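For clarity, chains are labelled A, B and C in written order, and residue numbers in each chain start from 1.
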Amino acid sequence: MDELARAFGLALGLLVSGDRELYGIVALSLEVSLAATLIACLLGMPAGMALALFRFPGRRMLVVATSALMGLPPVVVGLFVYLLLSRAGPLGALGLLYTPAAMVIAQTVLVTPIVTALTRELGESLLAEYGDFLAAMGRRGLRAIPTLLHEGRHALVTVALAGFGRAIAEVGAVMMVGGNIRHVTRVMTTAIALETGKGEIALALALGLVLLTVALAVNALAHLTRLREAELAHARA
Amino acid sequence: MIRWMYAFLAILPLLLGAVRADAGERFIVLQSTTSTQNSGLFDYILPKFEQATGIQVRVVAVGTGQALRNAARGDGDVVLVHSPADEARFVAEGHGILHCRVFYNDFVIVGPNLDPAGVGGLRDAAEALRRIAAAGREGRVVFLSRGDESGTHKKERALWRAAGLDPTAESGSWYREAGAGMGATLNMAAGLGAYTLTDRGTWLSFANRRDLEVLVEGDPRLFNPYGVMVVNPKRHPHVRFAEAKAFRDWLISEAGQRAVASYRVHGVQLFHPDVRCGDMPTPEARP
Amino acid sequence: MPVPELRLLTGGETPLLVAEGLTVRIGDHPVLEGLDFTLPPSGLTVLLGPNGAGKSVLLRTLQGLLAPVAGRLCWRDGDPPRRALVFQRPVALRRRVRAQLAFALSCAGIPRRARPARIAELLELCDLAPLARRPARRLSGGEQQRLAIATALALDPGFLMLDEPTASLDPAATLAVERLLARIRRRGIPLLLVTHDVHQARRLADRVLFLHRGRLREEAPATRFFTAPASPQARAYLEGRLLP
C-alpha cells in the first residue's frame, strides 16, 4: 500500500512539474501509436468491409486468420519486424531499425488485424441493415465500401480506439524494434520496463499511472466527439 | 468519408516525418547490456562524450548474447559487453575490430538476509553454490538464474561448472531460470526470497531490494570485465566507423576512464577503469 | 382522399413488362412458379396476397436482386427501366434528411451542383421540407417511410415498387403515404404496391395481381377484381376467410 501511495505522489509530481523528458516520452508514445493506428485504419477498415462484402474462395480462411491475429503477441510481431528491418534482413538497407518509424511499422502490423476483424463484424451487421438498399441504389461491390464506412463511422471510432489502446499499451514490439533508446525511441511502456528493471517500482508505477491518464484522456476526447454526432446514429424507436 | 481518407493520406507523410527526426544528426547505435544501463552508468558518462564530440550515442540495452547477435547482423556500430570468451569469438569471426577491455566490476551472490543455505561471508563462490544446491534439494532455498544467455548467465554457468554441478538438470525445482534482464531477475529474487548472481553495478543502484543482501563476494572468479569493440565496417559498410571509433577511443582515453571512475551510487564506485587492448589474458588470471 | 380513376389497359398501350413463366427458387425451395402477367405503363398495380405468397420475392426479382431460374421478363424497351424499390422497413441512413437525399442523388449520378434543386423538389413532393435538417433516424415511422420513398424517387425511376410501405404505420401516417403515392401516380410513374390490406388495395389500385402460394391466381382490373373475383382463393381472401 505504501508503494502505491508513493507512486501516486510521484505520478502527480511528474505531471505537475512538467518534466521535459517525461513529456518527450509521452509525446513520442502518442505520435508512434497514433500514426500506427491511422495507417492500420487506412488499411484495415476498407479491407474489413471488403471481407464482410465479398464471397470468394479463401474468404473463410482470411476471416479466421484476422480474428486469430488479433491476439498476436507483440513480441512475435517485434521479432518479425526486427528480422525484416535488421541490416541483415530484406529491408535492412532502409536503416529503419531502432527508429520511431520501425516502431510505427511494428505497431501497424499489430493493430491492422484488430481493425480489420472488428470492421468486418461491423460491416456484416451494417450489410444486414443496408445490403438490399445499397444493391437497389446501385452501390454494389467495391462501390458499397465508402458508404458502409460512412454509415459505420461512429462504431469505427470505437474500432480505432480499440486499436490505439492495444498499440499504446504494448511493450514487446517497440522494445524489440525501437531498442528503448533514450530521447529517440523510449516510449511509456519501455520506460516502465526500464524503471522496473532498475527496481524503481514506485517510479514505474507512476509512469503506469501517466499512461493510464493519457489513455483515459484520449478515450474521453473520442467519446465527446462521438456524442456530438451520436444523434445521427440514434436507433429508431 | 472518401474526402476524410484523402485528408489522412495527405497528413501521413507529415506524421511519419515528425516521427523520424534523425536527418542530419550524428549518432551511433551502441549494443550493450542491461547491467550498464540499469546501473545508470550510461546516463552519467554518455552526456560527457556527447558534449565532447557532438556524437549522440543510442543505447540498445539487451543481454550480452543478444547484443553480440544483433551486432553480428549489422544492427549496431559499437558493442560494449561483458563476456570475454564471447568477445574473443566475435573478434575471431571477423564481426568486431579494435577490441579493448575498458573497465571492470565484480559479481556478487545475493540472497535473503536469513540465509538458510548458510553462505554468508564465504569467499569461495563454488563452495557457496554447492551449499545453495544442497539446501535447495532439501526444499529450503531457491536459486534464480538469469537464464537468458547474458554475460551474467554465462558467468553463473561457469561458476556451477567450477562447483562440479549441473543445476539445469533440476531446473524448475530449486533452480529456476527467469529468462529476464538483471533488474527483472532481482525483482523476482526479492519477491521469492531467492539467491541469485548479480553484477555489483546493477545491485548497488537497484532500489527494490526488500530483504536481499550481498552474501558472497571477493572470489577472483567473480571478476567481471567489460570490453568494447567496433563492428567491422568491412562486413557492414553502413557502420558509422569514424563515430564508433571515436566512442571506443574516448572510452579508453584518460577523459573516458575518469568519467567511468567518477560514477558513484550512494558514494560507492561501481566500475573500475582498466584498459587493455590487443591480446588479453583470460579473466581467471586476474584478481 | 380522391379515389383514383380506373384506367383499363387499352390495346394501344404497350405494357411496361410482360412476364412469362417466371420461376424463382430460394435454395431448393420454389417460391414463385410459372408466373405470367403484364404490368401497364402507368397507373398503380397492387400485388395482393397473404403472407408467404411470394410478394416480396417477386419485387426483388423485378428489381434485379434475385435471378429467376426459368421464364423471362420482357421489358418494354428491351432493357429494364430505372427501377427503385421501397422496403417494408424504411431505410434511414445515419445522416440528416438532406444528406440522405444527396446520397441517393449521387447514386443516380446527378452532378453535385444540380443536387440542391432536386433535393428541394423531393422534400416538397414528400412533405419533408420542415424536416430537412433532422437526423434521418430521429424521424417517426411515417416520416421515415416518406423519406424512403423520396430516396427512391431521387433515382428518377421509370418504375417504382413498394413493399408494404404502411404495414407498421398508424392511420394518419398511412394516409400521408397514400396521398404521396397518388401524387406519384399522377406524375405518370408506374407503381407496383405490395400490400395485404384489402381496404388499401381498394383505395389505391388500378389493377390487381393476386398471388397465393407462389402462383398467380388472378390478374384483373381493380373494379372487376373487387366486384367479381374469379378464383376461389381471391374470393375467400376478400371475404376475410382464412386461406389454407
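Just so it is clear, contacts are C-beta pairs under 8 Å (C-beta built on N, C-alpha and C of every residue); 3 or more make two chains touch, one makes a residue touch a chain.
Everything numeric in this text was worked out from a predicted model, so none of it was measured.
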{"item": "Category of the chain touch graph - line, ring, star, complete, other", "value": "line"}
{"item": "Chain occupying the middle, per Cα centroid", "value": "A"}
{"item": "Label of the chain whose CA centroid is most distant from the centroid of chain A", "value": "C"}
{"item": "Chain pair bearing the highest count of C-beta contacts", "value": "A-B"}
{"item": "Geometric centre distance via CA averages, chain C-chain A, whole Å", "value": "47"}
{"item": "Distance between chain centroids, defined by C-alpha means - chain A, chain B (Å)", "value": "32"}
{"item": "Separation of mean Cα positions, chain C and chain B [Å, integer]", "value": "79"}
{"item": "In chain A, residues with contacts to at least two other chains", "value": "147, 150, 153"}
{"item": "Chain B residues within the chain A interface of the complex", "value": "1-2, 5, 8-9, 12, 15-16, 18-20, 22, 27, 29, 34, 37-38, 40, 43, 56, 58-61, 70, 73-75, 181-184, 186-187, 190, 205-209, 236, 238"}
{"item": "Chain C partner contacts - residues on chain A that touch it in the complex", "value": "129-130, 132-133, 135-139, 147, 150-151, 153-154, 231-236"}
{"item": "Residues of chain C touching chain A in the complex", "value": "60, 63, 65, 84-85, 87, 91-96, 103-104, 107, 135-138, 141, 144, 151, 155"}
{"item": "Chain A residues touching chain B - in the complex, by the definition given at the top", "value": "31-32, 34-35, 38-39, 41-42, 86-89, 92-93, 95, 97-101, 104, 146-147, 149-150, 153, 179-185, 194, 196-201"}
